[in-house]
Every structure is written in structure tokens, then in C-alpha cells.
């Protein structure tokens, strides 16, 4: 198999596991409740994202430092309590700016302390003992999570409530209220995940086709090399 | 007698009406894989922990009723209760797979979500316990329903982009659309 | 037909099966046009057009063969307008049909794969997103202009008064039977729908156990727990004739793809749907609970089929044992 | 096609009666239009042009006094093959005699449409058939013998007498596949089914001392000019048989055996006729109805005589889901073809399920071998 371009693309993408290839929400299915039920408006999505960042980043750092030393059964409670403790300042900060949003989020802000993205990253043995790698991996995962939250929140708020960041948008005349409820989020996420998977497959197909064309050109060149053209096309003897 | 009625009423609403899986989309991670036996053990552990810690949380709520607790602080206390119940459960289950599954089943969105949701409305212990038990049982039934859906989806030739997680999310979305018809309005999250 | 035995096949195919339902639907459309004028027919043609476009796009995306012989999405598209009022704006009808096909049917693999009834899904989506338009009905026999939005006085249907706990004073038994009652476009003319049920059962497209057990359960529950203080039989009449109960029992309950495969499973499915419908009507948020109950019970159909398979596995074993005993004796 | 024995639970006592009544209701099968008429009413043409091979045994001078062993020796030297299942008639009769069979049944059950290759010899050469039946009864040592004939509502013009030369005729009516396959096979020890054509050949072997060189074949189908029953030499190719009956148009496909369980050969292929080919049918091929998917209408489930659910077996076979194939007992399928006949989506259910059942059977037998080794 001749996969020059595909391999080059794959090496480039492999270094960013969270954003492009293994998106934690769409591919691994982590932290789904927040993307489904809590991202009905852009501001709510921002609050949940900041809460997630504040809760996850330090906890994973702590996990990578103390992971191998703590016994198995005590690890999860420690991470959960640490994440919840970290959420306290985050909540104070966010109630200052968005008191109404945080109140309407209700259960979804405190539950950030036990979300599956956090547990998944803390239990990764390969990150134990390498705080820098853990930081990088968590950063990418959170970026992937934030990207999906942003897209879903924009779609749902724009078509669901006809507003963007609270301000009504002029060119939206009708509103689909179903998008604001959890089942609307589930359906949007399902189509987003399927779409991303289909686009990924199309991209890989295009790369493969270009590889095949490249191979055919190289074979044709190897078969009869292009004549090094002298003034009147006579071969220049080496 | 009145407590029993309240217990049953809250258990039923938590299990069928305000099912935390379909109406609040909490704990979807475990709906995607797992054989019926794993689902059963996950559900039983989850229900046990939620039920037990709902007693503790009720006690905590009464002790700290005076101070004005911010939601996250209250959640911290509930998490402490869950940890206590989790540590109490540890010596009970011996089997290695149960021991490995215990932390995952104890600390997930469904448990903490159910406890936080049960706090505002109820004033009596029976109501809180009923809500805890009902949400655990409702969550397990929801997982089994998704399991039968998954078995049915294996028989159909799905489009390639929808195989696996996307079609499961769509299936859950349609069932929660149906249950939304029963509630009719957005539940207080 | 093919080079695998048997080489002779029955004449009717999927096409004739769906054509039976189409013939019957035209009868209901005829009644709708009689009551609400040409707008009913234009709504049907419009939704059929939208469904055809969705078909083309989705089949191209799924790389499926586009044949004009398959009418199952046409049936869905023609059922949805009959559930909605005749004064429904065209945009909402288009949204319901697109949701029914693009979200409920094609992601599950096209024609034979959907697990949920697309028509019920389309109506549920429209009811949740645009409740004002879906539950405001024009009075029958009143001229509706074909295009544009409806400006007349929209009335509430019998289901609404039942939901509010009152006794619907819409009309006596004959009025409701003939459909001269404000309500969904096709679902109010009970007599025609029952004739359609008879035709479908005789043609074998619909198993009789489904609608019969479903309507029996609904009638029983309506008799036992009337929603307003009225005698049993009146409560049964109002419950069955209001909303889309009987129309749903004929066209949506026994959709071949989403209903159980054996008669025993159909009975359980119909009883559960009946109980759920009455539950949704009494405690639900919307005046019409049947589509939501149907979607929920479609999720239980794999369970009923599994129970059926285990039951018939025992029957086969019993037949085996009985044949062995005869051999031994 | 006896049942594939899997370990059945012992259901006895009152529950057994409940299950047996439940089993009775799930009879399944369906009423097929028989199309037997032009072929059956026409007379049986003998196309063997008198080529009869003499046997090493001389014809018996007094057939009435032959003992059982002598009849067996005639059958074995005439190498008569029973057209029902392709076994040697001599072996079947010997096994019947050894097993103490009480009832010998002359099987003229043509329950597949178009096919009447057992009915017309029975009625056209009934004297030879009955004499052959007595000889076979003596060979198998059975006390009682009857003739089983299939007739359903569609072939109204077929008049079946009550008895034939004193032998009672048992009419089997009802749906395809006929109960005879399931009724008689339920008591293999007490009954022995022998084909009518084999009995006719036994009579000729004993009385005329000729070997079996011919077979009775029905030639029918919507491409055949005049469908009829022929007695044809074995080894004659299907093309010659079809040309003898005349073809209206080029057939889309030619079927050996019944239309429900036969084997398809392409029109220009040359296949010799053997004693077990009961019919040669030529059909027009209309390839119009294709590309439907299963819409789960449940008609195949209602029609399956074994009470299986072909819709799930087909899905299990398509997605290679062995758990489902075993749950729904794919191995119980007898390949009668009614599910494919009735399927509105024109899917080849019975062929697919038979293939899957073969896979499941081979896997199970392989598993048993491995289990028996260690």
C-alpha cells in the first residue's frame, strides 16, 4: 500500500489526540450530560466549560503526581473531593458574573466534580508520573470538549431560542423549542458525531485517492523518465 | 402510614416520571456498553449507594439548614456522604470485578445528580429516601431498555457514520422525547 | 423470480402492501377535503413532495438505490397532516415531515430499520415546538383559504376540554361519529377510519389483535377512571372519539416495521400502549398523549419479541416432546 | 427430513397438555394454488420407446406365491430407487421388515404446485401400482397398507375414489407442506412410506423381469406449450424432455423437482433425468420486483409450519449473529419455502436460513467432536 500523504497526515494529527482524532465527547463519549443538557445557551456553555477546566486540570495534575502511590480504592474519592473543592472558587467567580445562568444550570454545575472525562484522564496509567504530559493531554481534551460545547451551544441557542449570548438575532424568525430540552441536545450530538465521523472518512478517502494518483505519476515517471531537454531536445550525455 | 405513601410516591415519580437518565441525561456513559450482568451489578451498586447516602444527605441538610449553603458547598457535603457510604460498602463486596466496578458506580453523575435533585422539594426522610431509591431503580431500568435497543440495532444494517455511539444517542434522544410528553415542561434542573 | 427456491412467489409485494394503506388514506383525505376544503388536499400533496425530496437526499447520502416502487415514506408523509389541524402553516408541516424522515427513519438504516414510528415522531416534534398552532383547530365546514395562514377563530377540541377536566359539549354521538367536530384534520371522522380498519384487517396488512386490544384497553380504563364526573359509557365515548386515538390505532399502532412480529406479542404491545396512552392523557403535559405513548412503547417492542421467541421456543420443544411420546407409545 | 434432535426438556403432566394445544394452533403452512390441472388430466405418455432391459432373474411365473425374500431379491436386482428420498427400495423394505412395520403407505402426496408425477401414474397405472403395493407389503411383512393422496381446495376437478382395488385411499387435504410429511414421520417405527412409482417398477420387475430404466416426470410451467406427465428413460436430458412437450418461449429458468424445493438450472444447461427428479418446470423470469428491504410484516412468521420466526432467522443469518440463530432454532427449518413464497419483500428467506442452519449444525457438530476428544 502506498500511503505517503496519509501517513504524513496521520503523524501530524496523532500529536493532537484531544482535538482532532479522539475527541473526548464525540469519539469516546465522555462528559456527555453537560454537552447534552447544560449547553442550551452560549453563556451556560461557557460557565460549564470554565467549571470543567477549573475542576479537571488541577485534579489530573494531582492524579499524575500521586496516582501510583495511592491505593486503588481511595483514588476516585480523593479526585472527586479535590475537584469539588476546586469548584468552590469557580462558583464564586461565576456567580459574580452570571448569577442567573449558574442558578438555572442547577445540578449540572456541581456534578462537574464527578464527570467521566475527569475520571477517564485520572485513571490513565501512562500519565502517572509525567505531570507535563498529563497537562498537555488534559489541555487538548478540554479544548476538544470546549469546541464541541461551543458548536452545540451556538446551534441550540440560535435555532432554539433565536438569541446569541442573550441578544436576539434579527434574521431568525421561527424558534424550535425542542432544541433547548435534553432530547434536542441528544439528537444534535448524535448528528454532530455522525457528521464528524463521515467528514473524517471523506477526508481519509480523499487522501487515499491523492496517494493513488501520486503513486501512478511516480510509476509513470519511473517507467519512462522525462527527457532532460538540451537546447533542441537532444539528450545531454552525463 | 403517611410516610410510606410519600416514600412510594417519590419513588415512583423518580423512577418513571423524572427518570434521571432520560429527562436529565445523567450517566449516559454506562448505557453504551456492558453485558446484562454488568448492567445489573452497576445498577444495584448505584441504587444501594444512592439509597444509603440519601439518608446521610437528609441528616446533613437538617444540620446545616441554617447556614445558606451555595449549591457547590451542599454538593461537597453530599459527596462526603457518598464517600462515607462508599467506604462502608468496600468491605462488603469481595469479588474482584465488583471491587473494580465500585468506585465507578459510586462516583458518577447519576448518583450525585440524584442526591442534589432530591434536596429541595422533600421535607421528610421518607421522601428523600424514596427519591434516592426510585432514581436508582429508574436508572437501571433505563439501562436495560437501552440494552434491548442495542440488541435490536445490531440486527439492522445501519449507515456507517451512525454505527455505535451516535445511533445510541439518537435512540436515547427519541425515548426521552417520548417521556417528555409525559412531563410536558422543562424540569427544574 | 430469483435463482433460490422457491421459484414461484406470491403476487403482492411491499408495493401492494403500502398501496393498500394509500388507498385507505385517500378515503380519509376525501373526508378531510369535505370538511376543510381544498387546503387539506394541498397539505397532503405538499407533505408528500417534502417527503420525496427528503427521500432523494437521504438515499443519496446513504448510497441507497432510489426506486419509485417503495412508498413507505409516502405513507408516513400522508399520515402526518391528518394528525394536525387543517389550519396548520406549511412550514410547521414541512418541519414535522423532515424530522420524521431525516431524524426518525433514515439514520436507522432507511426503509426497514426504523425502531420508532416516524409519523408519531413527526407529530411529537411539531407538538413540542409549536403547541399553539398544533392544538388550535378550525371549525369544520368552514371555508379555509388554501395558502397563507389561518385568520379565523380557532376553537379547542374535545380532547382539550377533557384534559381540563370538563365535559366536552361539542356534539352528540352522531356528530362525533361523522367527524363534524373541531379536531385534527383526519382523525375526527371515526366512521370512515373504522371502515379503513376493517379493510386493512381483511386485506391482512394489519393484524386484528393490535387495534382491538388497544381500543379495548383504552375503553376499559376510560370506563373505570373517567376524567370528569360523567357516567362510564359517556366517558368511554368522549375518550375514544376525541384526539387521534382511533386514527392512531389504525394507521400508526400497527406500522409493520415498528410492531411486534407475532400475534401474542402484538396483544401485549397493544395493551401496554393503551395503558400508557391513558396515563399520558391523564398526567401528561399535552392534550394528545397517544404519539408519545406510542414512541415509548416502540422502545419495548424488542422486549415483547424476545418474550415471544422464548415462548415459541418452548412450544417447539413441547411439540418435539409430544411427537417423541407418540413414537414411544 | 426428520427433526434434528436437540435436548428437549421433559414437559409432562398438565403443562404438556397446554403446550400441545398451543403447538396445535401454531400449525402454519399455507394454501397454495396447485396449477396441476392440464398435466394431471392428460394421459401418461410413455416415451421410453419400449427400451426395457432384461434382468438376470427371469419373470416370476406365479407372482402370488412369492415369499418376502424373493420379492426383495427382485427389487435388489432391478435396482429400484424410491423417488421420494432416493433410497434403494430393497433396503427400505428390508429395514421395514426388520423393524416390524405395521403400516405400509403408498405415498402419492404431490403437495407442491405443478407437480403430479406420483398422482397420474397412480390413477393411470393403478392396477400395476396396487399389485406392486401388495408385493411390497409382503416383502416388508406389514399387515395393513393404504395409499395417501394430497388434494387441496384448488384442484376441484380431481375426483379421488374411496379405495383402489380394495386398498383404502387416505385423502390428505390442507395446507402445504402437507401434514403427511409431519404426521407419518412422527411414527417411523410403525409406518413405512414408499413412493408409488417405485411400487410400479417393483410390479414390472416381478411380472416382466425388467430393470428400472425409466422415471415418471411432470413437465409443466408457464413456458411449456402442453404440460403433461411423461414416463421418460433415465439419462434423457431436460432439453429433450422440454422439446418433446414444446416451449412457448425461451424459459427464464428451468427447475428440477417441485417449484418450492426444487433445484434451478440455467435454460441451456443439460442435466440428465434421474429417478428422483419428480418434475421439469420451465418458468418465465420476471425480474421486476427487487431491492425491497424486510419491513417486518410478520407474514412469514404466521406461515412457517415449524413455528419458527423466519424474520429473525434471516436477520441473524445476514448479520451472522449465532446467538439469535440458536435462540430461534435455525436447525428446525425443513426448507419448505413457504416463508420465501409469502414474503412481500421477495427475499430468499428459506435459502438463507437453510445456509445459516447448515453453518450452525456444522459448528455444533465440530464443538461436540472437540468436546468428545478432551
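Which chain is which? They are A, B, C and D, in the order written, and residues in each are numbered from 1.
We adopt the following convention: a residue touches a chain if its C-beta (ideal position, glycine included) is under 8 Å from a C-beta of that chain, and two chains touch if they have at least 3 such contacts.
What you see is a predicted model; the values in this text were computed from it and never measured.
Asks: Go through B-C and B-D and name the pair with more C-beta contacts between its chains.
Replies: The greater number of contacts lies at B-C.
Asks: Which chain would you call central, comparing Cα centres to the global Cα centre?
Replies: The chain sitting closest to the overall C-alpha centre is C.
Asks: If you take the mean of the Cα atoms for each chain, which one ends up farthest from subunit C?
Replies: Between subunit C and every other chain, the largest centroid distance is to D.
Asks: Quick check: how many Å separate the C-alpha centres of subunit B and subunit C?
Replies: Result: the chain centres lie 33 Å from each other.
Asks: How many angstrom lie between the centres of subunit B and subunit D, each centre taken as the mean Cα position?
Replies: Roughly 60 Å, centre to centre.
Asks: Could you please state the distance in Å, as a whole number, between where the Cα atoms of subunit C are centred and where those of subunit D are centred?
Replies: 45
Asks: Distance between subunit A and subunit C based on Cα centroids, please, to the nearest Å.
Replies: Roughly 41 Å, centre to centre.
Asks: Find every residue in subunit A that makes contact with two or more other chains and list them.
Replies: 178, 181, 187, 190-191, 194 - these are the residues of subunit A that touch more than one other chain.
Asks: For subunit C, give me the residues that contact two or more of the other chains.
Replies: Residues 103, 107, 112-113, 125, 128 of subunit C each touch two or more of the other chains.
Asks: On subunit D, where are the residues touching two or more other chains?
Replies: 312, in rising order.
Asks: Return all touching chain pairs.
Replies: A-B, A-C, B-C, B-D, C-D
Asks: Can you list the subunit A residues touching subunit C in their complex?
Replies: Result: residues 174-178, 181, 187, 190-191, 194 of subunit A touch subunit C.
Asks: Any idea which subunit B residues touch subunit D in the complex?
Replies: 154-157
Asks: Which residues of subunit C touch subunit A in the complex?
Replies: It comes out as residues 91, 95, 103, 107, 125, 128-129.
Asks: Hey, which residues of subunit D end up touching subunit B in the complex?
Replies: Residues of subunit D touching subunit B: 312, 315-316, 318-319, 321, 324.
Asks: For subunit D, which residues count as touching subunit C in their complex?
Replies: Counting only subunit D, the residues touching subunit C are 3, 5-6, 8-12, 16, 19-20, 22-23, 26, 113, 186-189, 253, 255, 259-264, 281, 283, 285-287, 289, 291-299, 301-302, 306-309, 311-312, 327-329, 332, 335, 337, 340-346, 348, 350-351.
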